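Look for chain A in each of the two complexes below; its partner is chain B in the first and chain C in the second.
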Partner chain A sequence: MSTQLLIQSAMNGFGLAVVYILVALGLTLIFSILGIINFAHGEFYMLGGFATYYAFGVFGLHYVLALLLAVLAVGGAGVLAERLVFRRLRGKTLNGFIVSLGLLWVLQASAQLGFGVLDKAVPSAVGGVLRVGSVVISSERLLVIVSGVVLIAALYVFLTFTRAGRAMRAVAQDADAAALQGVNIEAVSALGFGVGCGLAGAAGALLAPIFAVSPTMGALPVVKAFIIIIVGGMGSLPGAVIGGLLLGAVEGIGTLFMSSAAVSMLGFLVVIAVLLVRPRGLFGVA
Partner chain B sequence: MIGFGLLAAAGVAIPIATRDSYHLDVATAILMNLVLTLSLRFEMSTGQLNMAHVSFMGVGAYASALLVMRAGWPFWAALGAAPLLAALVALPVGRIALRVSGPYYFLITFAFLEVMRLLFNNFFPDYLGGPSGLVQIPPPSPLPLPGGAVTFTGKLPQYWLMYGLFVLTTAMLIRLEHSRVGLVAGAIRQGDLLAETLGVNVLRYQLGAFMLGSFFAGLAGVFFAHSHQVLHSSDFALEPMVLLVVFTVIGGTQSVWGPVIGTVALSIASEFLRELHHYEVLVYGLVLMVVMLAVPEGLVSLPGRLAEALARRRRAKAVSMGAGLAP
Partner chain C sequence: MTIRITAAAALALLMVVSGAAPAGAAEKTLTIGLLGPLSGAAASYGVELQRGAEMKTDEINKAGGLKIGGDVYKLKLVAYDQKAQAAEAATATNKLVFQDKTKYIIGNAVGATCNAAQTITEPNKVLFAFVCWGTSNLAPDKPYSFRSMLSQWELAEPFYRWVKETHPNIKRVAAISPNDTSGKDTNTAVVKALKSLGFEVAGDEYYERGTKDFYPILTKVLAQKPDMIDVAAAPAGEAGLILKQALELGFKGAKGWTAGTNPFTIISVAGREAAEGVWSPANINVKSEHVNSAVRKFGEAYEKRYGEVPGVIAVANYAAFDVFAQAMQRAGSVDTERVLDVLTKERFETVWGPLVIGGKETYGIDRQFLYPLVISEVRGGQVVDLAQVLPAALKKK
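What follows is the complex of A and B.
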């Protein structure tokens, strides 16, 4: 096995891991604020893909503009979902699960009716390759990695340094105490749900030019995101990043030596190994 | 008890009312799903939602198929052994998963569901059939009774077989619900710390419920294997699991009647929704959202809520009339 091939497949695996981390971050953010496991999260990823398909593929906007548009549109859809539905279910995990499942079916069926069931190809955002010595990386993959890392960094800055971000973390820690300090919980929930869905939309927008878009494209990333969260710990943002990198590394390296079925199994063995030692995941708290 | 009698009678009435094979198919599927949702609710009565319930159905199904096809066991022996095996597999899984609760338990069991699906799909293809599924599973063999053998080929005899399994399951679970076990389960659900301080071994109860629930899931699996005669990993994946949770929670988890109402109502509703073709899934999703938002405790709580609202109105009326009569 040459180092060159190793680095290339590591970069490909890293690109996918970054995207799944974005999905997982949104999922875990929503859980930490509202106590809801949003099963419809993959559908927001799908909406991000279709937003990119129309803005970039059909109307020919610049890709970066289309990406931002997708984040805003899907984030707005998330705020809407929170205001109309999920705010009534704060802390009711089981009811929230059923309602998000209903939303999953509604969004998926609507997408099939509105966009058609067939896969739609999105043109490449950038062409060409980047050469570093003998290592060849496609610019497209590099764009995914750079944009993903920028978004994760932006989320970190937002949550650490802005007033709204700090309010969000306060609500995640203790909603009642945050309310007593004058934090507007309703506004924070809506914003948190919007940010979480916006991240999923960004993930869908980033992968749209690499894979095609379709109404059922959300099923795979959401399962990946769940696994990342199980490893990293429910409600923990650093956990989602570490968990995603760990699983990405295991699957990326595994792919070089094993069949895809064996790799999936290997991923789950890592999950089980982590859960045996830390039942709530690496960064999970009781 | 009266409710159970009515339910059992309704089961007898169906094949008398209709011999239509489509109706019998739907009725048989409802009875099988009732075994699954009632046992899932039994586990939930200790406060834990097991997202791997169908995996134990899968263990029962594959175990029974292999015992009959490979080991040459008679169907009736496999019917007894395969559910026990499912319960046995549940023991170590439960020990690990039950160290956590709530959303964490949900996610751990979800991970187990995916592990088992991958196992059924990709591993030991010579035995489990691989991605194309396990085929040519024989139907239930004839039951040699003193009055002559009873055969189980065809829809009607299989309906009766499933009906028998259903009555057995329901009788046991309702009996448990009204026993000390049911009371303790309720105490754990409402506050496991309090139950623990009162001397209840919470883990043992939850593990017991998990194993018993898995036993009944395995039982449903045996019937599924030999009535469908084909097993595929997708039969034990997230989608059927999610449907069981939907049936149970929409019906309501506070009483045994919740899953019964939810399973029967939603199964029949989805048969009618099929007429809507493209809009079927859309409407089904909307119905779920609306019901869950309007009746958070499930359909089973509806009569109680209506009665309460009526009583409140009557009281309000009485008060206003009384006020008018005051001197």
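What follows is the complex of A and C.
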């Protein structure tokens, strides 16, 4: 096996990882603040894809503007979902889980009715490929990786250095104690849900020109995101990043040595192994 | 008295408004079931199945219904989405057979879903026509099942024989398919054809349905330096992504799509550059001057109604509906045993021209619709016919 083939595979894996991480970060953020496992998270990813399809592909807005619009629209949809549905279920994990399953089907069926069932291609935002030796990456994918890394860094800065971000972390650690300190739990919940969904929307929007969009496009990324947050630890943001990198590496490099079915299975084997050895995940707290 | 007259007048008015037929031939409703992946990555198959069926159903109903024996039947089409999953297909078939009481299911795609549906259709003597590509979908112990479209076993050998004759520089071919019955069977047929014709197999790869990122699998395939990649049984959306990403990774070789049922659909996903030069033996180009006028007319009506060019699946299911309707009329009954008897003994005129049902040498039973295949190429965003070839089974007939 040549070194360049390994580097290419590692690069493929890293590209996958960045997208998985964006989806997983939103999922774990929502869980840490509201205690809700949002099975409909993939549908917000799908909405981000369709927002880009219409803004960029159909109405011809500038790609960057279309991306921003997609993130804002999906973030807004997240806030709406929190206000209308999930607010009353905060901390009720099982109820939230069932309601989110219902929301998944409602959003997916609505998308099928509204957008049609066939894949819709989104024009390329940037063309060309970058070559280093025989290692190749398309400019589109490079844009996704760079944008993804910037978004992850921005989330870190937001959560660490801003008042709203610190309030979110406080609520995630202990909602009652945060409330006693004057934190508006309801506002933080809505913001957390919005930011989480906005991240999924960003992932969908970034990938729309590469993968095309369809109403069921959210199914696979959300499964990967669940693998990541279980491995990384439910509610742990660093865990989501490490889990995403781990899964990306397994899928990117694993495909060289085994079939894609075996690689998919490997992800779940990693979950089983982590749950057996460290039930709270790599970075989760007991 | 006044009340009676008023009631009679109201009834007469109701009959006029509802278009009820006068006494004579009793009008009945015949429910025809349809299964298909109507959502998800393989939805392009299901949508074409449904549209082909809708075209024939509406055609029959607008002409006053289907006259069978002394009765006139209006057709009612009931379609369920099986999402390309076997378990969903079994559930949907149960609904069609036991809830909707249909004895005819005309339309289904994706091999594993046909196997699941057949566990219900066969014991209940439900006549079942499909475009599934599983090898085991046609067998002597499945007498009520028909394939209405050429499958990989009719297509792969003549296609690669044509490749060998017209492009002798192509030596190494890699096949990529979904990891399920359709995909496995298609790659098996492609690999068998490649080996028998002296090609080298540069890859026999599978991916999970729903995959969007093909870089990992393509990195592995391209390391084997294939002269040609065949996106064998991949549906349009996934086939388009594979070709687009192969181009990004620097692949400049030949491209085939053995199950390429509608090359127009791949252009929109892959883009013109990546789709350029894709050969497909499974398609029918309804705009070609080489096809008969019935297919061209169907294509025009379809495009007018749905705004898209129909692929071979739409034509195949339209033809299957037609054949079954003709068989019912000739049998003078909707009893599936009597209709089956006609189907297996008589010949039918369809949009394909005179239809031959064969396949015994491959499947052990004559249940495969046979017609000439056309090898086409995507050229400049259009689909161009290159050659017409007869499947081996049709040559023997």
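Assume the second predicted complex is superposed on the first by the 284 of 286 C-alpha atoms of A that agree within 3 Å, B and C clash if a C-alpha of one lies under 4 Å from a C-alpha of the other, contacts with A are read in each partner's own complex, and residues count from 1 in each chain.
In this text, contacts are C-beta pairs under 8 Å (C-beta built on N, C-alpha and C of every residue); 3 or more make two chains touch, one makes a residue touch a chain.
The structure presented is a predicted model; accordingly, all values stated were derived computationally and were not measured.
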| item | value |
| --- | --- |
| Which superposed partner A:M265 touches (first chain B, second chain C, both, neither) | first |
| Which of chain B and chain C A:Q8 touches, first, second, both or neither | second |
| Partner chain in contact with A:N38 - chain B first, chain C second, else both or neither | neither |
| Partner chain in contact with A:T52 - chain B first, chain C second, else both or neither | neither |
| Touched partner set for A:L101, first chain B, second chain C, both or neither | first |
| Chain B versus chain C as contact partner of A:S189, first or second or both or neither | neither |
| Partner chain(s) touched by A:S236 [first = chain B, second = chain C, both, neither] | neither |
| Partner chain in contact with A:Q112 - chain B first, chain C second, else both or neither | both |
| Which superposed partner A:L276 touches (first chain B, second chain C, both, neither) | first |
| Contact residues of chain A, present in both the chain B and the chain C interface | 112, 261, 264 |
| Chain C-facing residues of chain A, complex | 2, 5, 8-9, 12-13, 15-16, 112, 117-119, 121, 124, 129, 131, 136, 138, 141, 207, 210-212, 214-217, 219-220, 251-252, 254-256, 259-261, 263-264 |
| Chain A-facing residues of chain C, complex | 38-41, 43-44, 46-47, 179, 205-208, 210-213, 215-217, 219-220, 223, 236-237, 240-241, 245, 248-250, 265, 268-269, 271 |
| Chain B partner contacts - residues on chain A that touch it in the complex | 31, 35, 37, 39, 85, 88-89, 92-95, 97-99, 101-106, 108-110, 112-113, 223, 226-227, 229-230, 234, 261-262, 264-265, 268, 271-272, 275-276, 279-281, 284 |
| Complex interface listing, chain B residues touching chain A | 49, 96, 99-100, 102-104, 106-108, 110-111, 114-115, 118-119, 121-123, 238, 242, 245-246, 249-250, 253, 278-282, 284-289, 292-293, 296 |
